[in-house]
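Only one structure is covered here, and it is reproduced in the block below.
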Amino acid sequence: MDNTPLLELRSITKDFFGNQVLADVSFTLEKGQVLGLVGENGAGKTTLMKILFGMGVIHETGGYGGEILLDGELVTFQSPFDALAAGIGMVHQEFSLIPGFTTVENILLNRESTRYNLLVEVFDDRMRTLDRDMMQERALKAIDLLGIKLEGDMLVSEMPVGHKQFTEIARELERENIKLLVLDEPTAVLTESEAEILIEAVRNLANRGISIIFISHRLDEIIDLCDKVVVLRDGAIVAEKPARQTSVEEIAEAMVGRSLEGYQPIARGERLTVEPVLEVKNLWVDMPGETVRDVSFTVKPGEIFGIGGLAGQGKLSIPNGIMGLYKAGGSVFFEGQEVPLNNPAGALMAGMSFVSEDRRGVGLLLEEPLDWNIAFTAMQTQNRFLKPVLGGLIKWRDDKAIEALAQEYIESLQIRCTGPSQNAVELSGGNQQKVCLAKAFAVKPKLLFVSEPTRGIDVGAKKLVLDTIRRYNRENGITVVMVSSELEELRSLCDRIAIIDEGRISGVRPATEKSTEFALLMVGHGRKTPTEV
Amino acid sequence: MAEKHRLRYNSMESIKGFIQKVGWPRIIIGIFLFALFVAAPFVEVKVSTSISDTLVRFGMNGILVLAMVPMVQSGCGLNFGLPLGIISGLLGAVFTIELGITGFAAFLTAVAITTPFALLFGYGYGELLNRVKGNEMVIATYVGFSSVAFMSMMWLLMPLKSPTMVWGYGGEGLRTTISTEGFYLHVLSDFLAVRLGSNFFIPTGMIIFMLFICLLVWVFFHTKTGTAMTAVGSNPDYARAAGVSVNRMRTISVMMSTWLGGIGILVYQQSFGFIQLYMGPFFMAFPAVAAILIGGASVHKASIYNVLIGTFLFQGILTMTPSVVNSVINTDMSEVIRIIVSNGMILYALTRVTKSGSRA
Amino acid sequence: MNRKLLIRSAVVLVLIMVAVFLFIIGKGYTLLLDNKDFEYGGKTYEAFEMVKVRVDREEPIELYPRDRDMVMVSGKAHTIGITVYNKNYDEIGTRELKFRLKGKGSMFLLSMPAFGAELEPWFAPFKTPEL
Amino acid sequence: MKNNKKNKKNVGTPWERFKRLIIAYPVPALFIVISVLAIPASGFSIGYLVQELSTRLARNSFLVLSLIVPIIAGMGLNFGMTLGAMAGQIGLIFVTDWNIIGMPGLFLAMIISLPLSILFGYATGKILNKAKGREMVTGFILAFFANGIYQLVVLYGMGSIIKIGNEALVLSRGYGIRNAVNLVNVRQAMDRLIPVKFLGINIPLATFLFIALLCFFILWFKKTKLGQDMRAIGQDMEVAEAAGIAVEKTRIIAIVISTVLAGIGQVVYMQNMGTLNTYNSHEQIGMFSIAAILIGGATVSEAKIRNVFLGVVLFHLMFIVSPMAGKNLIGSAMLGEYFRVFVSYGVISIALVLHAWKRLKERERARAGLGLQGPSVGAAQEIEA
């Protein structure tokens, strides 16, 4: 037995244009070990895996620092195909399967067994014909490794989700030289029983000497399955422990537990006694990847209400559903009036406004000037910035008023731009976010939904954006519902925070509650306690 | 010193900016057209006739090109279904002649009859396009083709009586070309027309009418609805989030485009002198598409400015190239040049990397 | 990789050779069958009273004096057979020959009297007179 | 739910099964109905129709088959097949000029078309790769554009820059190919190679054998690695790319194959027609072939060999009978003419609309995620308990 670990990372660092995302990440992984990699969204897990795989985006942004050793040898992968050739396989969170192909065809995608014929000499190897019997045999062998049963000729489009996940894993296993398998949130889409089977299969693989990096938010699974747990936070390893010596609580605490500079959770308890301004009952929203099933909560006037939770658990769909952007059901009352669902205009006219998490997709008219971006919603829903011409027959756009409005917000929000007529696409992320905020403020809302306000913007802009939200809350009395993946951001700004887990509220706590409590709610430990609203 | 340097730098930048803004294809075509005008006198082509012809064609085709704008702006892509609008115009024309109205009244009647047809067709066409988002252009093309073929059957079957239109003896249905003479031939063109000598003529009335329609469209895009339409084309998700009904805006834009197509063909006929039925409208979308693209529009952005510049450049080339090239090499290559220039331009626009395809 | 290039070049070469081969065997020629007096070496070979000409496997063609007919053939190698008759249409002789067309052009004039007399230049390329 | 549906397929009265068949294949069903109604009205004898259909099957099938490969590769209907047809025609012009007779002439024309088709196909593939998601409209415009280039070469280049010896081919002005080229040398050379008469009907056996050869090639091709790659790309380009399949290259190959086959197909087509309409023949061929394969039940994303033959039969049946039916029913042959034009374009429109509509719905369903309809009350209670 030699003692060289299968994989060794030595002080991996990476920055994107000066923005440090990984700092001095080192760990080792032995042969046949399962390593659990956990961390909040944005902690650097994905980037780390991208580095390991030699993804193009890493090279395009200036490469990485540090060394990767595989079997004791230094490796630098130029592309994912190099990594695959070296025996590393990865199963991504999204399925990467051909819907009209069978299990076998998918497992052997682009690695089919073929037979020679003469045309190969003239054209190329792709003129070889498929050897279906051989393919069947190889695929079944890979499936056997997992210790489960899969139908070889079932089409992916007709498979249950679990089968798809197994097909993906089998595809990686089918590589002859597979040594290391990275599983990114493999159980996220599975039912409980399917997840159990998968965990068992992963154990099987480890017993056969394949090392595994297992990324998951389900901490119970991690404790249950892994030999070792590595916790990433803000691009650095904050804990590295054998799984037996740690607990869900300990990991959860390590994942979160940092505070934002200049902000402290504060208690404004006296406000919470007033009649609610927003009342949400049994809301369900059908938003892909972010579904919520049954959510009820109330928001008090003047409050900043936070909604947190891990990615994919459904927090984003709450504002999107209430604002009519995705199909939703249940009932929503604003100031005692029922708000029509599935009708963006209805929600806007009721006095609510929304800053979308999808800034470039939903939030902005990228190829139109700033003033349009800011004034458009107000113009369409409230008939402002219009001049009646010919006795009101024509509602003429008042370009001067629009420009003045934009100028006002450019100054008050410090939007860095050349002027109101600059196209939105040319601004930086932070300034684009400010434009989105300006758009939302321009309709003079009584309640503002802000979704992931600081995602993808630099630190300076982050603070400005959060300050702005707080200022408008304090000075203009706008009630705010803020959705964010960053717990500390929520704790710093909000009065109360609801945590969404698996499409339901797992708990609502005042922001002054300990981070660990929220972290536990996030990873599913609130599921067993009755929901308090 | 530094100031001077800055100035130079700026002017370099502004030239670059100008090229970027105007785009290479337009600059090349513009220079080419200019060269043709310069070369014309040397090869004994009368410049006055050329300019006059260009202006006439500019006025004739302007509104047909304008019919692209609403649909492009609302994100429906290039209006390859222009024949549908043209058909509504043809219906207007045919019924007007059946009623036997003459003169300027005839033109107004034709516009009046065209309008309901155009709105009806446009509504159906718009509703259809709302169901095939992302594939509008190829479907629009075939909707145009099918409607032309369908109307060909209708022209045969329509029980119209006017002797100007039905075949004299032994024929069936309407004639393939019907003269507008005695009805509304040149009613716009001759209004305030300027004539200098025998070969220079400015169809003032027609150009004024065309500019007037352009103005209407321009005004529309400055209203609340017009602004919403532009936003829908720019980012449908943004517009929806702002409470705008995306499908409704798209339908309105298609109705507008169809109506403009109908009016456009009436203006065309009053200048050209003939109503072309049957397969006449079949390929009419392509020159209009090419013209607006030459004017600088893209698959998802177009303006009145693009219409005016594009129509002038495209029609200028169509007028000038044959006359100049023919007298140089004694060959009539106009048709081939038209095909290559117009389709080459469309091809260029389609293969430009645009994000509009990725967004539903 | 070189091997592939070699094989591909060979395939292209074979294709070109096939094309040339097709060109040769498929090239169409017009044979003008002439039954006129033929002058050669100062001597006149008189036209036959009647001659049946058969080119390849086509139907025989009857030619009387001063007749000219034509057949379309493809390729250069052909057989020609004639049967010569006298005034009373009695058979007086036959001759058959496999031959290759030589010379440029797509039209050849075949003189029957010359062929009957086994003269060397019994066929020659034919130039269409300028119209 | 799903199982229920699956079981339904094989149950029910024959009538119900028949109804499902019609719903599954609406376009062919519609055409069968039209034909059944129009055949008696046209007054044509069955013998005549069978003869005509046999001729047209031989004439068109090869061309229509050329559409299959790009459909497999997810590139939709190859409107760019016109370019292949042009290559075939150029080959025919040359063999006519060189006076190559019979089958050698046909094969030589095919060989000449080959490098041209490969070149055109490569260019088409490159262009279509730049217009992903808009392949069809781009291919369509490309065909128009190429037509301009073709005219430039054939109408102006040939006889002046490119030498054409045969005066019968050249326009009286001294250059440019005539509008109609008489293909006397190769006329029906393939059709008549193996003359067969069966029940009084002439069957162009050699042509059918040639077509059968292509069918076998396509069937075989689907089983190759390249065919498998194309299927993968056709279904999900990103997944295929991630699996290491050279997507763009494969798409180009698909178009090259289609273009080459279209070139050969055009030669087969023209030998039957016997007269080349230099400036029109290729234009119509794209539209007619595409209409035919769609009428045969193919869609923008799926095509099988049987769609080709069914499509050619149904489309041409309508083509033959509609003018006469129009004349006999309404007294206007022109009406039938326009009717068939309308049907050709109409069927393409319908097929495209159905396809786009389906895709849009699929996209919307994908957006709607897990198909959730409301809170699952049972599950909620479970947690509360």
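Letters are used for the chains, namely A, B, C and D, taken in the order the chains are written, and counting of residues starts over at 1 for each.
The rule is simple: a residue touches a chain if its C-beta (ideal position, glycine included) is under 8 Å from a C-beta of that chain, and two chains touch if they have at least 3 such contacts.
Because the structure is predicted, anything quoted here is derived from the model rather than measured.
Chemist: Tell me which of A-C and B-D has more C-beta pairs in contact.
Modeler: B-D
Chemist: Would you mind pulling out the distance in Å between where the CA atoms of chain A average out and where those of chain C do?
Modeler: It comes to 84 Å between the two C-alpha centres.
Chemist: Can you check how far apart chain B and chain D are, centre to centre, with Cα atoms defining each centre and the answer in Å?
Modeler: Taking the mean C-alpha position of each chain, the two centres sit 32 Å apart.
Chemist: How many angstrom between the C-alpha centroids of chain D and chain A?
Modeler: Roughly 45 Å, centre to centre.
Chemist: Quick one: report the Å distance separating chain A from chain B, using the average Cα coordinate of each chain.
Modeler: Roughly 47 Å separates the two chain centres.
Chemist: Got the chain C residues that touch at least 2 other chains?
Modeler: Where chain C is concerned, no single residue meets two or more other chains.
Chemist: So how do the chains connect up here, line, ring, star, complete, or something else (other)?
Modeler: Graph shape, chains as nodes and touching pairs as edges: none of the named types, so other.
Chemist: Taking the touch rule as given, give the residues of chain D at its contact with chain B in the complex, in rising order.
Modeler: 127, 130-134, 136-138, 140-142, 144-145, 147-149, 151-152, 155-156, 330-332, 334-335, 338-339, 341-342, 344-346, 348-349, 352-353, 355-357, 359-360, 363
Chemist: In their shared complex, at which residues does chain A touch chain D?
Modeler: My answer: residues 80-81, 96-101, 105, 109-110, 112, 114, 125-130, 158, 282, 284, 286-289, 291, 293-294, 327, 329-330, 504, 527, 530-531.
Chemist: What residues on chain C touch chain D, complex-wise?
Modeler: The touching residues are 15, 18-19, 22-23, 25-29, 72, 74, 106.
Chemist: With touch defined as at the start, can you tell me which chain D residues reach chain C in the complex?
Modeler: For chain D paired with chain C, touching residues are 95, 98-105, 107-108, 111-112, 114, 185.
Chemist: What residues on chain C touch chain A, complex-wise?
Modeler: These residues of chain C touch chain A: 4, 7-8, 11.
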